[in-house]
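Shared between the two complexes below is subunit A, which has subunit B as its partner in the first and subunit C in the second.
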Partner chain A sequence: MTEGGASAFEGVERGPQTSLEPAHKEGEGSTGGPGHPSVSALQEKFGSAVLRTEVQAGDQHVVFAETPRNCEILQWLRDDPAQRYDLLADLTAVDYGGGRPLQVVYQLWSMTHKRALRVKCEVDLDDLVIESVVRLWETANWLEREVYDLFGIDFEGHPDLRRILMPQNYEEGHPLRKDFPLRGRFSRAEQTKRALSQDYRNDYSVVEIALGGTPALRPMDPDELPADPEEAS
Partner chain B sequence: MTAARGVSGEPMSESVLEASDPDLDSEHMLINIGPQHPATHGVLRLICELDGETVLKVTPDIGFLHTSFEKLGEYRTWNQIVPLTDRIDYLAPLMYNCVYVMAVEKLMGLEVTERCKVVRVLCMEMDRIFSHLLWLGTTAIDVGAFTPFLYAFQERERIYKLHESFTGARITTSATRVGGMMADLPDGWTDSLRDFVKTFPKTLNEIDSLLTTNGIHLGRTLDVGVISGEDAINCGFTGPNLRASGVDYDLRKDKPYYDSETYDFDVPIGENGDCYDRYLVRMEEMRQSLRILEQALERLPDGPINVADPRVSLPSKTDCMNDMESMIHHFKLITEGISVPAGDCYFAVEGSKGELGMYLVSDGGEKPVRWRIRPPSFVNLSVIHKLAEGHLVSDLIMINASLDIVLGEIDR
Partner chain C sequence: MGLNEGDSGDSVEAERISEALDLGHSGGHKGGLLGAGGPTFLTTKVDFVVNWARRNSLWPMPFGTACCAIEMMASAASNFDLARFGMERMSFSPRQADVLICAGRVPYKLAPVLRRIWDQMMQPKWCVSMGACASSGGVFDTYSMVQGIDTIIPVDVYVPGCPPRPEGLIYGLMMIQEKIRSETLADHAELRAETPEMVGRPAANADEVEALSGPFGNSTQQDRLGALAQTQRPSRSEDLLP
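== the complex of A and B ==
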């Protein structure tokens, strides 16, 4: 594949390319649509911790919150009687590429007030840490594990942060990052070599090892095998 | 091995330990269910720690079907993603086709034609029945009832045929395009669907009479895998699983799309949040879907199915062959794909398994920056330990079945 050649699978070897425009343009998206009661309440309550707000896709309100205070803000949104965002509908991350910070996205829904709100926190690529919200919503357990697995964001205080979709011993990195090529970081030859030289212990999950201990290597010695019951009788 | 522990993980009291036969080995057992096991409903592996037959701890191990759809989507144009969507949940493919393009249209601010709206409602409600029937058949088989499985699959076959006559495929339908459908409904299709709507209740009632008051079925499902409404919300349950716990949350009513609030249907709500309520809710949902189908067939308007918007719609073939501008327009739409304005958008519909959402991020280009599927089964499965711990292994099978999971969507 030649560099710059338009192909259906452009970027297979390099990772997907996005435009290098900033993700957020000043003033864009912040007009139109009626105000959202939670957005103004958040700005009033947390002041400068609400970095900016946007309206997307016509009527979807987005709040950018300060990353170190994510738990505090989300807890208030969940517990305050005027907000009551009790359903964490989704938790995911977005990589815009080009070295820009990753965004952690919380999709909230309030059963009481029938309102939706999107909260975003940005984490810098050289410090991919954010506080876990598992203590607020149990849903976040697997969703944060998925984000950790596919983006490499470290959720502080998560009870069981390990890979979930990729194999536990996957060494090529975090696949949904923009710098991750579609076919993986290693060459086909290297991937095959690693697959063939896997330790059999890798077949055991962390959970099994925690319960039953690391399995010991037992050579198949015919003398050690129990006698055939039919022969013995 | 560690000392015997009770269900809650606390050390067992002395009296319980003494009461057991000292000759019996009281070690906990570690067993794997799956990944290749019919009762896991897919390539799901459940690692269980058992004390006798009681499940002390269950940890799902997933990822065997991981296909990285979301990563693949970043390399495809907006319309090229449609064929990926029906492979995510192969039990309700049309529903996934629809919700994806609905999210793209929401991001573009595109309003589809009235006919297209009703056709998509037909597709989604039909696939809700399609998916619930598979759940019904396989769940019945898990508790030992074989007949409902055969009945359910006979009815599914009829929906397969409807899929095939509309889209040309039975499972990999890829029927939608941004701004409309791949094609309009073929002649006689609505009659076949009407026939299905008319005759299906008979089978449903037969299955109902086989299971709803069946002593074995009741014994296996009543008070098994109970979760309260509050816990269910906190755990992210949506769809029939949440409604079985008594929470009235249905996106068709709460976040209406395609005039869903104007259809006359009820949202069934359970009380106890056990496997039996989840069964009842889904049975009733199929009846309500039939009501929606009836009304949608009634109001299906004539007119174009694709929107006349040059951003997404191809010019007619005659125009392409006769004037240069249409030719260029066609060429650019096909080779470059449509472009979606910069921004992000979360759009969800009431899927057969729960809140089925699509989160799209665009930078204004021909390909998405991020395409995220909000997976209802993934979230529902993540709570299985809460439901199953303390129950018997056989109940674990029932609980897993009652969650209605599909592994293609869990692993994505």
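== the complex of A and C ==
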């Protein structure tokens, strides 16, 4: 939070700032000000893998990390005693349009040091692949499924990468991308027909059905289920 | 004959029933249908009795998906009190419900759920489409939203509004009651016809659904064929590539 009675929106109005100055407030609670201990520590530790840094909205520090090394950097942020970003508050993606790379956003929070940090990795539109962080934070499972569903980013090593919000038989693409037409690609009649032909059993993975039983009107043989839910419908 | 003599007899019949039940509380006339010494039978039309019973004990199946559901709940609460119309029992089980109130927007993912609930409801059944989103998709003219639930299920009454006030919903439900009043058992087979093939299928045909979308009104820069090229072009100066 800003100190000294400044307007809460001052940082928002100022827009993104660079945070090249070294951290001047080491220790607990130093989420404000131009410096951030984790940012300088990251630059020291990983050097060129930290592409650039900036401050948004006054005190939100953003680190752009090299995409192939995202897991390495995030694991260090989670495990290093001076960082301890043990909570993945959010994982999402942004498409700024114009053919620019999509940004995968990791919003981290350290319970120990009460610090927030945002890590961004850019993935090129031609090669939408990034390593999954499910093994670091379990909560990334559904969040990565959502990003895959809406942006089409492939998370390598994800245990169960299926659609989560859109129907399983949805074949019009990934709706939150800038190149996606607002009303979808199919005609309204085709969309209605497809919506009504959804098989809700495809919303469950084979593991979930094995654990919780088949949510079917009639008893179903697990062997009847499609091995790959994407192929069903 | 006798079933279908028209509506003019209704008030006469109502008077006769009222008399028979001694609802008038006339001092001279003691007893009544249930009392000693009164008439032990009454004559009326089957249509009238059936419709009277149906329209005064409509059990709503609330399908509330958005803010319209808040207004629907307000309609059921004490200020507006749907119980006055025999609807105090919100029937959350479709098989025991008479009128489906679809209050709120329905995304495509929910369409089969709505269709299945409608298919599960017993005849006779009616449907109220409450609010702009349920009736036409409202402002959500997007990839994920059903453009009016009448593409999924047949609708009897549309209640406009965003959301409609409880008075609006009550007026819509009273229109259902009016509709029931004019029904006759002679038309039952026609009114209640449902083919098993229609279960789980759209209520509207493809041309009707297509006609709903029309020209792409709320995004004039966009049509379905040119959309890809259009949206890849940066629309703001700061989106331009360096």
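Observations on the model:
In this text, the second predicted complex is superposed on the first by the 156 of 233 C-alpha atoms of A that agree within 3 Å, B and C clash if a C-alpha of one lies under 4 Å from a C-alpha of the other, contacts with A are read in each partner's own complex, and residues count from 1 in each chain.
Just so it is clear, contacts are C-beta pairs under 8 Å (C-beta built on N, C-alpha and C of every residue); 3 or more make two chains touch, one makes a residue touch a chain.
Because the structure is predicted, anything quoted here is derived from the model rather than measured.
In the superposed model, A:56 lies in contact with subunit B only, and not with subunit C. Of the two partner chains, neither subunit B nor subunit C is touched by A:37. Of the two partner chains placed around the shared chain by superposition, subunit B and subunit C are both touched by A:182.
In the superposition on chain A, A:96 makes contact with both subunit B and subunit C. When both complexes are overlaid on chain A, the residue A:191 reaches subunit C alone and has no touch with subunit B.
Between subunit B and subunit C, it is B that contacts the larger number of residues in subunit A. In the three-chain superposition model, subunit A touches both subunit B and subunit C at residues 96-97, 165-167, 175, 180, 182. Listed in rising order, the residues of subunit C touching subunit A in the complex are 108-109, 111-112, 115, 141-144, 146-147, 151-152, 200-202, 204-207, 209-210, 212-213, 216, 219, 222, 224, 227-228, 230-232, 234-235, 239-241.
Within the complex, the subunit B residues that touch subunit A are 28, 30, 47, 49, 57, 59, 61-63, 66, 68, 70-72, 74-75, 106-107, 109, 233-236, 238, 247, 249, 254-255, 342-348, 355, 357, 359, 361, 363-365, 367, 369-370, 372, 374, 378-379, 382-383, 386, 411-412. For subunit A in complex with subunit B, the residues that touch the partner chain are 9-12, 16, 18-19, 21, 23, 28-29, 56-58, 60, 62, 86-90, 92, 94-97, 105, 107, 111, 114, 116, 118, 137-139, 141-143, 146, 150, 163-167, 175-176, 180, 182, 205, 207-208, 211-212. Across the interface of their complex, subunit C is touched by residues 96-100, 165-167, 172, 175, 178-185, 187-189, 191-198, 200 of subunit A.
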